[in-house]
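This report refers to the structure that appears directly beneath it.
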Amino acid sequence: MKTFPIGGVHPSDNKKWSNTKAIEVMDLPDVVNVPLGQHIGAPATAKVAKGDKVLTGQLIAEASSFMSANIHSPVSGTVTAVDMQVNGQGLRQMMITIKREGDEWLPSIDRTPQLVRECTLDSAAIIAKIKDAGVVGMGGATFPTHVKLSVPPGCKAEYLIINGVECEPYLTSDHRTMLERGDELLVGVEILKRAVGVDKAVIGVENNKPDAIEHLRRLIAEKGYGVTVEPLKVQYPQGGEKQLIAAVTGRQVPPPPGLPIHVGAVVCNVSTVVAVYEAVQKNKPLIERVVTVTGKHVQSPRNLLARMGTPISKLLEKAGGLPEGDVKVINGGPMMGRAMVNLDSPVTKGCSGITVLDGDEARRGVESPCIKCAKCVAACPMGLEPYLVSKVSRRKMWDRAEQERVTDCIECGCCQYSCPANIPLLDYIRQGKQTVMGIIRARAAAAKK
Amino acid sequence: MANKFFVAPSPHVHSAQSTRSIMRDVLIAMLPALAVSTWVYGLDVLKVSAVAVVSCVVIEYLIQKFLFRGECTVSNLSAAVTGLLLAFNLPSSIPWWIVVIGSLVAIGVAKMTFGGLGRNPFNPALVGRVFLLIAYPVQMTSFPAPVVEGYADALSGATPLAAIKAGVPVEDVDLLSMFSGTIPGSLGEIAAAALIVGGIYLLWRRVITWHIPVAVLGTMAVFAFFVALADGGGARLYQLPAFHVLAGGALLGAIFMATDYVTSPMTHKGMIIYGIGIGAVTMIIRLWGAYPEGMSFAILLMNAVTPLINKYVKPVRFGLATDKK
Amino acid sequence: MTVLLSTILTLSVLGILAAVVLYFVAQKFKVEEDPRIDEVEKMLPGANCGGCGFAGCRGMADALVKNDDISTLFCPVGGGDTMKSIASYLGKAAPDKEPMVATVRCGGVCDKRPRTNTFDGAKSCAVVSSLYVGETACAYGCLGYGDCVEACVFDAIRINPETGIAEVDAEKCTACGACVKACPKNIIELRKKWPKGRAVYVGCMSKDKGAVVMKACKTGCIGCGKCEKVCAFGAITVENNLAYIDPQKCKLCRKCVNECPTGAIKLVGMDPLPKTPKAPAAKPVEGAAAKADAAKPAAAAIKGGEAGAVKAAPEAQAGSSAEKGAAEVKTACTAAAKNDSVKEQK
């Protein structure tokens, strides 16, 4: 069975808490806060002002550049504010606040459950529709999908790889999507094949989801979709774009500024593909997503289909509230998710799950001296030496950090996961990476002049 | 809400391994060899081991408490591991005060002078052993005969390696008793089978990887094979490699000493280079050197090379390797 | 005997050979350098702090010798005296800069700014600020992990374990600016150094609206603008819900201090004005202004004036920090709270 070539770890997947729970539609919130920056790139520009009436699915903020994405109203009602609000990390962010009044959708959106398989649009039209609908990568990276699909000149896409790996422990939203929305997913894959002009499409699914693999294979056999399912050996971080490409095709994406397209691959997450299907076939913008609310001591873990902007605290309430005592609430999974301080912050396009760690799991272990056990080196999927990169970053030796390829780091967390001395390796590496990227950008800007 | 919120950058989960659990696993892995040794040499073995472990732990505690005036980290068991490893390198008949001196050198000189755990360039237990070997050569090289019943006194108190050095042909050595441990030698090095069991345990617990032990033992075996070949071959072609892998501190060194995290390289490639170096230097000392055994010296020598290996041997970077397909 | 002789002979020959080789090598790689650079380097403080913008004192010395116009070069550590003596040595015009001191513009001590969560990662302000808001609800205040402390080579800044925020020792501070660069929240500012450690500044960086500030911190600037109105010198501006006192215009009249409803304007080294300001309030203003003028290190009076100020500073600073401690510290929250987040190693 295939997997990626270097490094990797095996955290316990903890998916059993929610992987049998069917997707439920979350109650509509009374007030939504829709951030203007829900994606990588420039935040969108607000198109509504205080007092405006909006319909569900109506454009409320427009992509401000190519590397940006449209944002649509997740509910119908009145805009009460376009102002700075506190986000999940406690930082201030521009958000549009809408008070919900009913749920009246834009008439152009097809809300029937009917599967529409026929698609005769050409590539440019498909990408335009995806762009209009504000679809971004829903695996967590929130890279605008229309940018990803626009193959740059000189490159040729050969593989369309659909990311159904969901290697993050705890999360099951993609798993449930594959099980419950298989047809939409597969039609979406066919649309994407048209969009990027490839004939090979592979859905990579880790072997710990045999039901999803089997379900998709049966649908493909029954209805003749032009796609194959590739079971992958369970190993974190297989869902990383570069790792998935290596696992499926055996090709390694060169280090930055290398892109997947340079080895002929375009990767999309399964939830994104479903959103693409809805955008292209149903004219439905990206205004809701499946969010796994889970944790060992969460009373009733669930997979909830929630509108963007719904306060996360409402989702937690639905799942039975937080356990007592020390907790860490994570937006995303425990390997790459972000810990939250403000639970009233909204669900956004990249929010694949809310993981609640409690008790001892909420805290980190005490740091002790590095014993040079080399476990981080063995675990790094990028072939770096985390102990060294972290040390030079901690000492602010940026030149050395650059030499040691700190910019290759994908921040998967394998090094820190495996460190027996509990050294916050990634904390410093991330810092070093950000600083070195800044230095490189400044150098490039200076060179241009 | 009565919750106390914690925040940290990702990752938020951690593997079950900690420094302490690793050290505990190493101690557990040494127990079979300790048991066999006790069976072969009697309770002296436990006495020497206890003195070494206790003195190492106490010395580390005292240094941290009164010289460093810092946190005491003896609870991570690394001093206990050093102590037991030191004991494994001593004859069971050694006086207790020599053991304490060895501990003092191992912990005080080889480990704490460099800043404690993780900073020592040389394996502390081996520094202790080599110091004792040079300071007390008589006590360090007079091994008691095994007290176990049925011990054939063929080698009369000399270790197999010393016997070979003295001119005993390798054909006369009983490989089976070397495997089971009923031979004279340092208390931890005699029981080849038990050491292998410990090694398998460490591999299973993912405390060590196969690279260093296999590289060390493989190099020794291949080296011995070619020496036998140059000598005219025959039955020696397999006897000599087997002898060298089982004799002296080869297994103890390859599995427990050379794999010491702090003093071994960080990459798998580096580990193999390091292992080959240890194997080759050991064989050179054994065959042509003044000492019958060269494992300690070989490991210490390669410890010194480790920083250099770390500097020049880098892991395979993702995306920079040539396309496989 | 022959052995001894031959040994001596061989070694002598080897020695001579080596000497010859060394001589030629030294000649070949000899670097011609202006001897004045060495002299100037000796005159510099030798802290290699980088406060001048060069990597170390050697680089600064090099630039001082080579540039004709050294008015843009300044050693904040040595100060005006050092620059003057170097300038006179080199026969160039001395740059003149008034003494500055690093000022931490945050008053969010523990009991004023409640903690809302516990941070458990690498103890570095840069790491924290790139991740999230910090342990309190204020997104602008001091994080208290001491990146500035690490950056300071003069041991002039520390995190007060009782307040959880950074504190500058005005006596030791050389205004090299390392902490200013190190602070990811841009809280530290180099402000004009008044004699006796006196200072009036806005101890808040929050650009949030008043209500949000009040929620996060009881002593934050809410941008009410009262200080702006009361200031007779036009030194105070309120922008983005945040007041700023221009250190060049401020005369330490302290009117704003009494006006501030949240105590965001900090007063150091001086007694506040009486609570009910009467007409003669102008008197202390004049007095302060006059004093300040007198102490202002004009180029002519630089030596005497500054030496006095530096000498006076220790007592004043010690006193003021003690006062500050007594007034503001009510709970020793940080140290205790930080420790209890520590998890026992399994």
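A, B and C label the chains in the order they appear, each numbered from 1.
By our rule, a residue touches a chain if its C-beta (ideal position, glycine included) is under 8 Å from a C-beta of that chain, and two chains touch if they have at least 3 such contacts.
The structure presented is a predicted model; accordingly, all values stated were derived computationally and were not measured.
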Whose Cα centre is nearest the centre of all Cα atoms in view? A
What are the two chains with the top count of C-beta contact pairs? A-B
Intercentroid distance (Cα basis), subunit B paired with subunit A, Å: 47
In angstrom, rounded to a whole number, how far apart do the mean CA points of subunit B and subunit C lie? 53
Find the geometric centre of each of subunit A and subunit C from their Cα atoms only, then give the gap between the two centres in Å, rounded to an integer. 43
Multi-partner residues of subunit B (each touching 2 or more other chains): 4-9, 18, 21, 76
Subunit A residues touching 2+ other chains are 328, 338-339, 341, 363-365, 368, 422, 424, 427, 430
At least two partner chains per residue is the criterion; list those residues in subunit C. 116-117, 120-122, 127, 131-132, 341, 345-346
Would you mind writing out the residues of subunit B in touch with subunit C in their complex? 4-9, 18, 20-21, 75-76
Looking at the complex, which residues from subunit A come into contact with subunit B? 5-6, 9, 11, 169, 242, 246, 249-255, 258, 322, 324-330, 332, 334-341, 355, 357, 361-365, 368-375, 377-378, 380-385, 387-388, 405, 408, 411, 413-414, 416-422, 424, 426-427, 430
List the residues on subunit C that touch subunit A in their complex, please. 116-117, 120-122, 124, 126-127, 130-134, 137, 139, 208, 212, 341-346
Parts of subunit B lying in touch with subunit A, wherever the complex brings them together: 1-15, 17-19, 21-22, 73, 76, 78, 116-119, 209, 261-268, 271, 314-321, 323-325
Residue ranges of subunit A in contact with subunit C within the complex: 84, 86, 89-92, 328, 338-339, 341, 360, 363-366, 368, 394, 422, 424, 427-428, 430-431, 434
